[in-house]
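Both of the next two complexes hold chain A, though its partner changes from chain B to chain C.
Up next, the complex of A and B:
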């Protein structure tokens, strides 16, 4: 009979409902389970190192030589902070200005064009940025910028990485900032212009202040991205574990420490543990920044009720 | 400076910043296409020829192993990740879970999204070591799937949320079960779901840090699920630091292939979204 093949009987439908509910519930908890599993694995695997060496001593020592069992993380920490701060200093003003252009100035086709261009760029693999930088940014820094400051450099180093990371992270910060600017109610603009403010005054004193938490959270997320970036620094930083003494010096960041030492040294348990501890440090810092960004966005959302 | 001059100066500044961003990005794409295109035009066969025995040293043969490796790793990973992501996103809808629960899970997904890819690589590698296996195609798939999962789930969740409520109300009104309603909601949100899956695929195919230690960085053709493999981004990364000119040239050719794939995926996702939208209630009519 057609009826029984086209529409399954109620009992069968309810069985499907129960089975699917079970599966979906499991999938729903999967995100939390995955998070917990990553944290537990990293902590568990870092314990051999933490039980043998003092954390404070490792974080403040400059001596990194895994083959001699000395694990000083300071050079890599300093390198990572340099790179993250420098790229933020270069990328943030440009990102905010571009976001203002897209949200407040551009119209019609131009707006679609520029913003879809930026979406596309956010999707370009970072290894391609690194490769292009090898032929564009490295000679620029090594042959022109460094001699200008009287430094001799190959072009691989902190400044190069920062420049390239600023480029990598800018589209990401732009789209987040555009989102928070565009979410602002139009009454804000109308009121401000209505009392005689110019467009620039409206943007500066009203819109930027209103969207402030959202833009700031975009910057925090960008900072987290640069902090955990691996491939671009690994290609461009030069890979010497030392505290960089100038912008043109080579160095190491926390992720590149993992890349440069994991291959040959992962068979030694204590080194393996040290590198997993680096991973743990990375996620803790990135998660703190992310959490801050989330709180800011929540506040913004409550203030404007969207 | 009076306030109108300030206003003009600022407008110029904002336009200049946008122009700079667009210019820099045009340089990135342009350099990739020109340098890679030159290598490919000289010898297009390197994309489909297997690597020779001295590939890493002299660039004999081509990088077909990385093309296949990318396909064999990212394809299955996207499939696994997609099934999980659609299930999770469905569970986060109001029919199944409370607002509070889905807020909490979304927080975890955000944090996972922001986790540096290298951490996923290290995480999967510790599993490899724990089970006493060696790095292989299989663990590359797991690493990429884990990496894609939060990205896809966030996109799909967003898509399901924006599906019109009338779909849900009318299916319930006809006496459907929750699962049947969820299927209809998913159908209504199809453009967003497809776009999310494609975006996840694009991110997965471009990432090097997750597969750097998990897939094995081999310079042979992938010949088994538990054999080492490599992907295009890893090949680009390795080749870019070679001393051999020929090997480095392959990095540019490979990045040409990669950028064409990624840009193509984005265009396809936009086109599909536009095409699908006309079949969706409330969607725009193309």
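Up next, the complex of A and C:
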């Protein structure tokens, strides 16, 4: 009798097992359903626009003026690509070097200190980066950096956004890279050092190769994040829907296009549809990047086996 | 010592409490007038709602978000009234939107308090043609405007968000029958900021900049004097190169608002703002709008807006009664 109160009978345990499995599975399916629902809503709501204008024409037109019913997405697309590529060019080297330092060189208290600061940095809301940048980076770029290159600028623009976004996404990329470096087995390091390689040689030709897939997908995920970044570009890009002709020029990204028009024009059906179509493009591109990161990681892992 | 409750009990209680609290919120919203929409008229509507609540048995639930958001909300029946900073669009009226004017709001050109030619600007003003030339980049140096030795490039800032104030400014600059669209204005400027506050801040930080702002960002809210780091740009209405006595009303908010009310200050950039609903206003919402159009008008000037003219109020009243 005492036994049965402590451990329920097998049938009951199996029933609990089945119920909890069902719950977990439903939770999993829910995530998929949510994604599908979002994409379907976006597609459904973009249809009014797509039925009236040709996609190719909209993607290649530079004329964006919702109040005149002209929807050209090219300037925003070019702006988004500029910002994403520039931020990655600036952020990736820093991220990888920092990750190597944290994972391989830093020890003891220093390691805890640096990595916890990186975590804090990753947790700071990006609007705060935007605010600080308005006070610090905008005058820096406008008053010092631009005259250096002989350009006159207010400090708002593509370069400023890229600089700040590089700072915003590096902590994220560092964390992921550190994780993949630290996941490597110690035998790998010992073997390499054992055959006479120096520490830097070990890192360069063994560890970076072995952790390569992880680092690569970290970079791709970072790229996706910059692509969808909203508040920092909205505050710093200068909001001009034109194709930027220099690094200091102002511009527009796809998310800022939504931010700057939805408040005033959301209630006009065709504009609403256009803004939702921008959202759809963003979701699709970011999804492709995430999916690509996953595929690439799997592929590289097979090739770079240790 | 024994505890006769467990952590789980406490959590359960908390959950129940929270659920009840939420239910309470939903219960409340039945008797509240829900309002959302443009951030331009928001401060005034909040003041009205406070005053109205004191005398009537109604509560309000007010949020901003932008004119478009308000209109979407009202058409989806999320709210009872939408505040609009611009006239309703054709496409919105087709969906059943019905709007009545509530007040007049206005923007002025703004420069930094340390602008290199501030004294000249305040003495001579700038004509519409001059302002147009500045904003369309035909004139790019402050020295070009007046007979001075100043050599300082003009920085032009605008709004990056779709904004009714910016649109009206474009209409004003273009003169009769030739409005500059918001999009053109955005492209001419050196940089655009999201929202009135940020534009004001940018002007405050840049001695050579010009832009436009709602007058509540120009005059001090309490005293109505010029106190911050931005100054209004007087408009030389007849374009004779001097600011005559009738054209000089920028010293205090009170003076300025009186000039807008008398129609001396041009419209645009002064513009009407609207309250709208999905079809006719109903019950409490109707009562409130009627109150706004009658008693409510007397509080408008104190809050940095301009009341509607009497004719316009009568017209709005009739519209309100007749419905769409």
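Quick note on the criterion: the second predicted complex is superposed on the first by the 267 of 306 C-alpha atoms of A that agree within 3 Å, B and C clash if a C-alpha of one lies under 4 Å from a C-alpha of the other, contacts with A are read in each partner's own complex, and residues count from 1 in each chain.
To be clear about the criterion, a contact is a pair of C-beta atoms (placed from the backbone, for glycine too) under 8 Å apart; a residue touches a chain by one contact, two chains touch by 3 or more.
Small disclaimer: the values here were computed from a predicted structure and weren't measured.
In the superposition on chain A, A:259 makes contact with both chain B and chain C. Look at A:238: by the touch rule set out above, it reaches chain C but stays clear of chain B.
When the two structures are aligned on the shared chain, A:67 is found in touch with chain C, with no touch to chain B.
When both complexes are overlaid on chain A, the residue A:120 reaches chain B alone and has no touch with chain C. Look at A:250: by the touch rule set out above, it reaches chain C but stays clear of chain B.
In the superposed pair of complexes, A:282 makes contact with chain B only, with no contact to chain C. When the shared chain is aligned, chain C comes close enough to touch A:154, but chain B does not.
With both complexes superposed, B is the one of chain B and chain C in contact with more chain A residues. With the contact threshold set out at the top, residues 134, 234-235, 259, 262-263, 266, 272 of chain A are in contact with chain B in one structure and with chain C in the other.
Of all the residues in chain A, the ones that touch chain B in their complex are 13-14, 16-17, 20-21, 23-28, 30-32, 34-35, 37-38, 41-42, 45, 93-94, 97-98, 100-102, 104-106, 114, 116-121, 123-132, 134-136, 167, 170-171, 174, 198-201, 203, 221, 224-225, 227-231, 234-235, 255, 258-259, 262-263, 266, 272, 275-276, 279, 282-283, 286-287, 290-291, 294. By the touch criterion given at the top, residues 38-39, 65-72, 75, 85-86, 89, 91-92, 95, 97, 153, 155, 157, 159-164, 167, 181-183, 186-187, 189-194, 198, 201, 205-206 of chain C touch chain A in their complex. Residues 64-68, 134, 139, 152-157, 234-235, 237-242, 250, 256, 259-270, 272 of chain A touch chain C in their complex. Put simply, chain B touches chain A in their complex at residues 3-4, 6-7, 10-11, 13-18, 20-22, 24-25, 27-29, 31-32, 35, 84, 87-88, 90-92, 96-97, 101, 104-105, 107-112, 114-120, 122-123, 125-127, 129, 146, 149-150, 153, 177-180, 182, 199, 202-203, 205-209, 212-213, 233, 236-237, 240-241, 251-252, 255, 258-259, 262-263, 266, 270.
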